[in-house]
Amino acid sequence: MGLPLGYVFSTTTSPQSTGAPQAGQAREYQIGFTLPLSGELSSIGKIWEKVVYLALDDLNNEVKAYGFNVTFKPVILDDGTQDDKALANVQSFAQMGIKVVIGPAASSQVKAVKSFADANHIVIISPSSTAPTLAIPNDFIFRTVGSDAKQAKALATLAYTQGARTVVVFHRNDEYGNAFADFFTRYFSQFNNTKVYDLPYQAGLSDYTSEVNALASKVQSTGADSVVLIAFDTDAANILAHAAGNSVLSSVRWFLSEGPHGAQELLSPTIGQFAQKTRLLGTRPLFVHNPLYDEFAKKLKEKYGVEPTVFCDTLYDAVQLAGWAILRAGKYDGDAIRAALVEVAKHYYGPSGWTMFDENGDKAFQDYGVWAIVKTDQGYQFMDVGMVQGDSVIFTTTPYR
Amino acid sequence: MGVKLIVEKVTKRFGGVVALNRVSINVPSSLVVGLIGPNGSGKTTLFNVVTGYYTPDEGRVLIEGSGRVVDITGWNPNRISRMGVARTFQIPRLIPSLTVLENMLLFYDYGSCASITCSLRRKWVNVEEAAVARAMSILREFGLESIAHKRPAELSAGHLKLVETLRGLMSDAKLFMLDEPFAGVESWMARKLTDTIRKINREKGSTFVIIEHRITELLEGVDYVYVLHNGSLLAEGKPDEAVSDERVIKAYLGK
Amino acid sequence: MIDVLGFLITLTTYIGIYLVLSLTLTLEVSSGITNFGKVAFYGLGAYTGALIGTYLPLAITGSRASPFDVNGIQLLYTISKSNPVLDLSVFLLSLAAGFAVSALFGLLLTYPIHRVGSALVGFTLLSTGEVLRLFYLNTEPLGESKGFMGIPNPFAWLPQARGAEALYLIIVWCFVGLTYFIVSRIMNSPLGRILKGMRDDELVALYAGWPTPLIKSKVLALTSGFTGVAGVLWAYYFTSINPNMFTPSLTFNIWAMVILGGIDSIVGGVLGTVLLASVDYAARFVIPFIGTTLVTPDYLRWIIVGLVMLVVLLKKPEGLAPRRGGVSKL
Amino acid sequence: MITQDLISFFLFSLLYLTVTIPLVLAYRVTKVINFTVANYITYGAYTAVLLDYYMRSSFGHNSLLLTVLSSFAVTGLIAVLSNLAVFKPLAEMRVKGDVLMIASMGLWIVLKYVLYIVSDIASSAWRTNLVSYSQIHYDDISLLTVRAGLVGVQQSLVVFPLLAVASMFILYLVLSETRVGRAVLAVADNSVLASLSGIAVGRVVNLTWFLTAGLTSLAGVMWTTYSGAITPEVGDSLILQVFTIAFIGGLSSLTRTAAGALLISGVENFGTDLLSTYLGLPTSIKPMLTFTVLLATLIVSPPLGVAGGVPYRFTRGARR
């Protein structure tokens, strides 16, 4: 139940019970969430907020089922996809006595909170930060998503097996885009007679018309046969909508990273037709045919009427891991929870698959599925059509007949 | 001691319009001189050129004081005013957020005490006291100490013009250039202004160049008159000669 | 239970860094410099500090690693944990360099801005800030979009975090004191009066004999220097910076703090800063507990910040503590 | 891809004109450097989004005309309310220009997050996600294009010119033909004189807020036919370009502002493409282009309008 506004000043009733719980009354633990509810990632952030409520309901029911008289309460703050606000949020969580924080979303934000978290022993679990520079052992930063190096390798394998030889990598000029593009170029050039051209675009703009025109000229001048797009959801929708109107860009193959997956804007008629014409394929972290993912997606659709976007599954699992780690730690303290988290993750299998952490606190095992946009009777839908295993791509259904 | 003002064949053009056309003026030191002419004849433009607001396209502006002739053509207004040239505007310009006293203090030459280092070390206290003493003595001398702490918004047009003129005394200006000091001023204040001018001229020997339409007030205190028309010098001479010159009358009546 | 001490230390550190910015802006505004590019000098200081804080320790310990890859960053963390002398000297050097670089940049910028009207001065500085941000974003040695990480906090070698935070707070407030001393000494002096004259009517100040462009460039150089110092303090507090931290929204926050306090008023600027920074930070402890899940409660925090600005402006347009006129203090 | 650059140059020039011309007129009347222009654009786009979703789900088709009228009314009303609540009382207290600007910033934050809340409530009421919405296809426009024989043409190529011309025409019609319009121009030139000659300045100012905000919201509606994804950050990301153009026009001369709009649109669309193909510069420098153009214009020919104006003609002429 919500607490009155005067909560912070009345220090008598303290919901955050570090003291011994009265008999029968459920012990309550708080988990901090710093989510991008405004700013550039707000479209994803809004869906994440609903995933958090769903995940906590499931966690509380599950925990009750195991006989623990405990409830987990969320404390959600908006960090506007900005670094200074993310740190201020984590600092205020620490000062509220919260030891486990899920989020922030962007790698630059995770870096901003890292030194405070390490110094004050606050466990940070980011469901979406994939920057390689954060793969640092025994610190307090955990990431329930595989680093982009593996996904870039999968995307390179997918593109090569689909016949791509001369590729233009069109990517965001930020942490995520640059790292992904570097890995992709490294892996793709290992295949013989391949050529890769790099074309970064400024992230965070409202429109990319001139960038798409520059891409078209680049594709024409280099004679490229395919474009690799590394983007988030809103910029991908904007770019693909403009590319649809461009003859050159509609006659080459398109391969996408995981960012745009799940974005409703990609299912508009213009982009749907464009996907059919260019036989658009993308990779995303996925355990193919993972029944838990399908069940999770169904529950989210029923409860909140939204489709899961990218990183919804890793966020869901992050919440479960946090809950079970707190229970296993026995006391609500940063170091104990950190140690417990590593152990819990070893045996947990959720919608995002196995959640075991490697020595840097990042997800150890990550498979990558292949997704496409297919035309169904209720308009265009996202569909997982296969997976990348090592150097080969196995299609479970053949898209774009 | 006043200074001599020498303006040699000064020309100033704005796009196609010739505002000043080879104007030459020679004002002997310690004289009170009038500069008259119909509206738009270039009087204020000449003031702007002499005080450095504009740089003349052709010609030179020189100041001669205590034997030295200095060519101040194209100098910045602040360097010219440091040479002892004080100027007032048609519409009085006082700093609205400062009191009358503070407006006066602004014109005092603090020298190195206006620097950042001097302010940090607070070495300006006695210089400030001297400046305030000088300002109050000037205000008292001209019966204005009652308005010392008022803001410009609370003063009448006459008072504003008086303060603007007295500002020049803060760093004992040697050449006063007054732009229509009597416009919009009640007659008793106009007489007070004329007495002030004559007092400064007599006691401090400062030279005065005054733009003023109302020639009758001007006539009493003026030693010499220049008449400008359409940017060039139409006539000059003693006040009664110049005014009776039929070219001047025709210019004023506007053919 | 709320960790009140931790809350106060964090809040006062933020207020301290914002105060250095709002005090320098108060001086700039009162001398007629509408500085919409505050973040440009702030970012310049932060990047100078970060450059020295990462390249220098790596060079001194003779390692080949670059500060942008993982082992370079790990090395920086271990270095900062092990030798205090290196941490402190790198920090002091960064403060000095941050001041010098930003002051020089402020001096250079007076040329284009003293020829245009005040609103345009603001916009020129705003766009310079954006050009600088994009320069960091596209320059490889500055880490491009990765930015810098592992900047050694001067007290990282201290065992517990609370001690390091408290000492850092003291350093921040030393600079707040220094800035306050300088700004109040200048504004309460004949030079302060000349600056106010320059702002209201630059021509009259010129006719009073003051070389206004030269004075403006000196003032902007001084205030930009201290803005650069605030940038260094910010970079070492965060220990990681990247270009997107230095966007115009920071400048607008500082402007809101100064205008709230009342133009020309140092005390007002301080009050405005404390009010806005506290409302923004403290609301985090109240808002999430409003039970609605229909609407994200945190949006309410932003609306409260906006409303506080509007209400204060409407109730006291001249500001919270307007400056009483009168002759400069003798 | 010159043809594509030409098309996007054409579209962006229209978009920028639709925002900057009313902005400059509003400044001349209200003297407020108004940051809530960003909200007007976003509110225009989101009226279109909410209306599109509602009409699609209950009637099966939507209409551009209805969207334009409702976004004009909604945004205009918000502008009038913000004038009465914030700017009018402040103006009566004779505050400096900076205070009005900072007030517009406070209002910008409030209006921005009110929109986030409205889209939140709508999303949960209709059980969908409206925080980011796909490109809108207007049925009455597609009827129009089919009848005009332009089948298969991008909707934006029809909607942008249609709305831009309509907004300029409305502006021209109101300002020159109607009595109230002439009063607006009089107040724009000199509000003191206007009030002396018996014009109810208060009413005219409110009308200006309504008219200029309504016209600006049309840019938001135009945007929904063009961008692949519509988010509440639309207005904010355009605000820096819009102010750059307004300042090139010196916040006073409409013709110079129009020229600024063409210049910035040209630089952004042609510049990025040419630099990237011939010089290999990354397209990520596009925003840098916009600002370097502004800095160049300010230094080469500082505008003499209200916002610009050299404080004094202070030219260092030749010595002799």
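The first chain written gets the first letter, and so on, giving A, B, C and D; residue counts start at 1 in each chain.
Going forward, a residue touches a chain if its C-beta (ideal position, glycine included) is under 8 Å from a C-beta of that chain, and two chains touch if they have at least 3 such contacts.
This is a predicted model, so every value here is computed, not measured.
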| item | value |
| --- | --- |
| Chain of greatest Cα-centre distance to chain C | B |
| Chain with minimal offset from the mean of all protein Cα atoms | C |
| Whole-Å separation of chain centres (CA-atom averages), chain A against chain C | 33 |
| Geometric centre distance via CA averages, chain D-chain A, whole Å | 35 |
| Separation of chain B from chain C, taking each centre as the mean of its C-alpha atoms, in whole Å | 45 |
| Shared interface positions of chain A, touching two or more other chains | 37-38, 46, 173, 202, 204 |
| Residues of chain D whose C-beta touches two or more other chains | 112-113, 116, 120, 124, 282, 284-285, 287, 312, 314 |
| Residues within chain C bordering two or more other chains | 134, 137-138, 203, 206, 296, 299, 302 |
| Footprint of chain C on chain A - complex, ascending | 1-3, 5, 7-8, 11, 14, 16, 18, 37-38, 46, 49, 53, 75-78, 82-84, 87-89, 91-92, 94-97, 108, 111-112, 114-116, 119-120, 131-133, 135-136, 173-175, 177-178, 202-204 |
| Complex contact set, residues of chain C against chain B | 182, 185-186, 189-194, 196-197, 200-201, 203-212, 218-219, 222, 264, 325-328, 330 |
| Footprint of chain A on chain C - complex, ascending | 1-3, 6-7, 10, 14, 68-70, 73-74, 77, 134, 137-138, 144-147, 149, 153, 156, 161, 164, 238-240, 242, 244-245, 281-282, 284-293, 296-299, 301-302 |
| Residues on chain A engaged by chain D in the complex (per definition of touch) | 37-40, 42-43, 46-47, 173, 199-202, 204-207, 209-218, 220-221, 233-242, 245-246, 248, 263-271, 304-306 |
| Residue ranges of chain D touching chain C (in the complex, touch as defined) | 33, 86, 89-90, 93, 95-99, 102-103, 105-110, 112-114, 116-117, 120-121, 124, 240, 243-244, 247, 250-251, 282, 284-285, 287-288, 291-292, 294-295, 298-299, 302-303, 306-312, 314 |
